[in-house]
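One structure, pasted below without further comment.
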Amino acid sequence: MTKLKIALFGAGRMGVIHARTVAGHENAELAFIADPNVEARDRLAKRHGAQVTDTDGVFADRSIDAVIIASAASTHADLIERAAATGKAVFCEKPIGRGYAQVKRAVATVEEASISFMLGFNRRFDPHFGRLARQLEDGDIGALELAVLTSRDPAPPPIAYVREAGGIFRETTVHDIDVARWLFAEDPVSVFAAASAMTSEELRAEGFADTVALTLTMPSGALAIINNSWRSAYGYDQRVEVHGASGMLRLENVPRSTVARAGYDGIVTDVPEPFFTERYGEAYAAEIDAFIGGLATGDSLKPDHCDGFEALRIAEAAVHSVTTGAPVMLKDWEPDDA
Amino acid sequence: MTKLKIALFGAGRMGVIHARTVAGHENAELAFIADPNVEARDRLAKRHGAQVTDTDGVFADRSIDAVIIASAASTHADLIERAAATGKAVFCEKPIGRGYAQVKRAVATVEEASISFMLGFNRRFDPHFGRLARQLEDGDIGALELAVLTSRDPAPPPIAYVREAGGIFRETTVHDIDVARWLFAEDPVSVFAAASAMTSEELRAEGFADTVALTLTMPSGALAIINNSWRSAYGYDQRVEVHGASGMLRLENVPRSTVARAGYDGIVTDVPEPFFTERYGEAYAAEIDAFIGGLATGDSLKPDHCDGFEALRIAEAAVHSVTTGAPVMLKDWEPDDA
Amino acid sequence: MTKLKIALFGAGRMGVIHARTVAGHENAELAFIADPNVEARDRLAKRHGAQVTDTDGVFADRSIDAVIIASAASTHADLIERAAATGKAVFCEKPIGRGYAQVKRAVATVEEASISFMLGFNRRFDPHFGRLARQLEDGDIGALELAVLTSRDPAPPPIAYVREAGGIFRETTVHDIDVARWLFAEDPVSVFAAASAMTSEELRAEGFADTVALTLTMPSGALAIINNSWRSAYGYDQRVEVHGASGMLRLENVPRSTVARAGYDGIVTDVPEPFFTERYGEAYAAEIDAFIGGLATGDSLKPDHCDGFEALRIAEAAVHSVTTGAPVMLKDWEPDDA
Amino acid sequence: MTKLKIALFGAGRMGVIHARTVAGHENAELAFIADPNVEARDRLAKRHGAQVTDTDGVFADRSIDAVIIASAASTHADLIERAAATGKAVFCEKPIGRGYAQVKRAVATVEEASISFMLGFNRRFDPHFGRLARQLEDGDIGALELAVLTSRDPAPPPIAYVREAGGIFRETTVHDIDVARWLFAEDPVSVFAAASAMTSEELRAEGFADTVALTLTMPSGALAIINNSWRSAYGYDQRVEVHGASGMLRLENVPRSTVARAGYDGIVTDVPEPFFTERYGEAYAAEIDAFIGGLATGDSLKPDHCDGFEALRIAEAAVHSVTTGAPVMLKDWEPDDA
């Protein structure tokens, strides 16, 4: 079997992670790495014996089967368009693009070009989330009635990053929205969101929130509650609780160790990992493996551009709900800038 | 020290619990028990060496210092009015009365008569909730930012009871609303509620919900999320999670035992108690103890009629939010039937 | 049904606990309380409306059906002999007497007199231990292969008490030996014990241990490991772990509350209760209830004097094992002072 | 910096694991793989771009700096002797050799040749054990008083393997003995062991045990209790509990996931991994990393041949204790075949 030839955009934190997975994969070859930061690019290429090039170099090479987009978010939409134009499969880190209109265009392009496309919603590939989803599918708790999804980052991103990302709903909540869509296997009919800035004067001054609560109502009447915060003293908090007719499934945080100390002051157990690269290491490897495997078998890739688009549309509706103070009915809803 | 003379209305489930506490209390005497079910009344009186009488008998006896109202909910408001008229202190099980207007009148009467009044919001007296509240007050997690309150009953009450109680918000959610007011030590400015009937065709047919999600927004911007259900396969579910600037406090369910079985199929631990009388036994004793103690020292009683009224008003607003599909701003808000 | 007339010896810590249970029992009457500390005796009698008397007064009253012995350990054997002589049923707090020879005589007397006798090995009546024993009996883990029993007191008793009690094996370990006999439902064939004094120079100087490890070998080949200490920073530690052919049952400590705090320094949960009166409150009530119930029905009482004797004999063998540095074969073994 | 040239003996389960670590290491090169199973050898070599050879080929190549011995246990001692003769550093999977006499000779050879030697006692490199050891060293619980070490394999090895390995003490318990020596940082003065065959008639018939309990007494008087079994329905059980003057440290099993299901039948959480390759994946990578790092810096390697020898000597004494039914004083003790 010939190996899949893959080019990687981005030699930053996520690029380093994906490079290792591709380079160690028995059915793939890390052919190129491109990054405007040539030092990082060269170092990473050397580690894995890959070639270096730039964007044009990747798309000019017809032997490249697929690209992994782990570069700056501002470059995503353009790289997707070029991959579509040259017929290359795409694995893209979230987001698909900057702003609803840009994402919508990119998604339409992918659709027209019929290229294979997978979005890096990593939770779907985490073994803990995977087990919960499997138990749900196996009917372990019957029909779904209520879910509580909790995601808390240790601290807000720098304000410049927040501005570019468009705030907590588009940056953080979008992951929980995808988890809700995935676990319920249906799309919500409405969303209500409340939001506050509790952690920083800087965020508040620019109208950004860091603490949010969403209620999604599903066609079946089931309710999904999402709560997010950009403050968590005890590490990266990633939990799910799902209630069905015959029980509850609950995904707790993964502690850094299973060591407890019992003393006068209580029983002290370990906190979760500090942030996403530590928490989702297995998921990052598994999603790339699923991408490579899916391309080899021709099976459809999930989550795809439509999942990314739909999660973003609901996140935009949540932003709108905060602005208007009212729930948003999601059928055919689009933001004004669409 | 002379013992406080107490008359008890109601020889049912809660009456039996309160009778035991009063009869065994060193500063109180269980003088009278009244209940239209004379068989239950006589049996309970005999067990504790109390006298039996009827409503008129209690209020005609000027030596009675206080009454405990644990009779049918439909009798509460009238008994409160008569206690106010005769200057007796009142411990009243939730609710204060039937419907917002009746409760408002009863609360006004209590206020005018200046009698001592305490409402049986039991969670405030549970040792687990108490520890969480104390840690919060001690600043263990800093300023509050977000809370998730979960209460799930094992099954819906009979439909006739639901009709009389006015549905899940007034029956169940009102407890979580009181917990939110207590823990945040401030009153919410708005409430949004979503509701569904997932467990029974009967409830749905009459427009009652059994699965609800509320978002309360506090003056500080902090958010309180409440989720309730009338279905829980694993027993009575009573949990609290509170996030502050420097950490989280979390109250988990109390399992029936600490025994775990590890086998091929997993590690199986024990479920919580089935329902409230088992879960809150210590709280019921503690609240009566606080009532008797407060009357002895003259300290003000908490929670009082105002706490009961405010929790009900917010529950009514939640009902309104479901009807209109919009959040309710709580300042000066009253239901139409007020 | 006529109530059982019970006399209580001892108005100390355990006397207070048992008085409450008897006084509130529907099938028993707390007739007498006797204690050389007349102040404590009178106070307790007043609280429960009991009469006061002395030892002779109790045994002279032929209407007394049963005695509860919760007085100083040095009085136990004599009170048992007198109860046997007057045909009264006995509930006796551990120990049956001081020293092996005295206990052996008392047990023989009980046997000859054929009085009903129950020993206060409280763990058998704790709901958590009870659940574990029931699951074991139900075959939840198959045939037993290995047990690890852990009991740790917060601190050593005063040295005078240690001298009188005869050290940790006779005072503390004897409980775990009884638990092993109860759970395995067979008697060990041998015991090996190792012991050290780690917590106090005073104990070491007098040859007493505070940290011990025992290996009991059962006829089936199953092994029971007991570890005890008189030091535990985090409270009274009472745990059981039992392994069978198809799994493990594990009894964990009961935390004082289910509240956890998550912060920078870890997740902090609550410690167990500080000591036995707090931990075993339910067990103390349940054992007295079993005693009263057993006398009413005529069912045989468990654990009885033979259980007490056998547990003590094994504890004595453990002492001998430490002295000789070798295991003791238990069949027909007796200490030299027998 | 020039990379360390490493040859690997063994392309089986452990060889595959170590090959991956060496091949991906930035300071090492996987130069050769040798294994009599040429198919496995060639496949593994191809995966990592290594050369294949045989034992003579490895030792004839003077450019090879170090060997990793992950071949059949019967080959270990001979490979160590040849490495000593050719001055190559050695990382050796447990055991050092077959039988006490052979191990003693091999250890003496290593000592004389002064080669660097590291033994694969993997628990010392597991992040959970590491955290416990660090907290211990930091004085989090004060001076050690008691430890309970639990290791349970899911099932006995095949009888042929048991014969070759010499039974559970030399195969399994030796790991816990090393953990005890490591955590206490002192050597026990005596060992007592009890043993039974509970899981298989075949083992019993040949005089092998599958269920054992050891008591090690430390010079300080501290006690270490080890319990092992070759039966565990719920997976590979690896736990540590250490008590000190000011508290307890406890290492619990690592569950396969953090998902719990709550239903009518209880709260079901996930079991640990099935066996050592899954449980100790991180440890295997970390120990090789420590080996390569230690050779680069010249720091002394731990655990070394002396640690391996001492753990084996204590395991032999445990076997002797079972045979004689008495504890063994460890000072200068050697088995008869020494």
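Just so it is clear, A, B, C and D label the chains in written order, and each chain counts residues from 1 on its own.
Methods note: a contact is a pair of C-beta atoms (placed from the backbone, for glycine too) under 8 Å apart; a residue touches a chain by one contact, two chains touch by 3 or more.
Just so it is clear, the model here is predicted, and its values are computed rather than measured.
Least step count on the touch graph, chain B to chain C: 1. Of the two chain pairs examined here, C-D and A-C, the one linked by more C-beta pairs in contact is C-D.
When each chain is reduced to the average of its Cα atoms, B sits farthest from chain D.
Averaging Cα coordinates per chain places chain A and chain C 58 Å apart. Our note on geometry: chain A versus chain B, Cα centroid distance of 42 Å, whole angstroms. Centre-to-centre separation between chain C and chain D, using Cα means, comes to 42 Å. Taken residue by residue, chain B touches two or more other chains at 141, 233-234, 246-248, 262-264, 270, whereas all remaining positions touch fewer. Residues 24, 26, 47, 127-128, 131-132, 135, 140-141, 246-254, 256-264, 270 of chain B touch chain C in their complex.
Of all residues in chain C, only 233-234, 255, 262-271 touch chain A in the complex they form.
Across the complex, chain C is touched by residues 141, 143, 145-146, 148, 150, 152, 192, 194, 196-199, 211-213, 215, 217, 220-223, 225, 227, 229, 231-234, 237, 243, 245-248, 325-327 of chain D.
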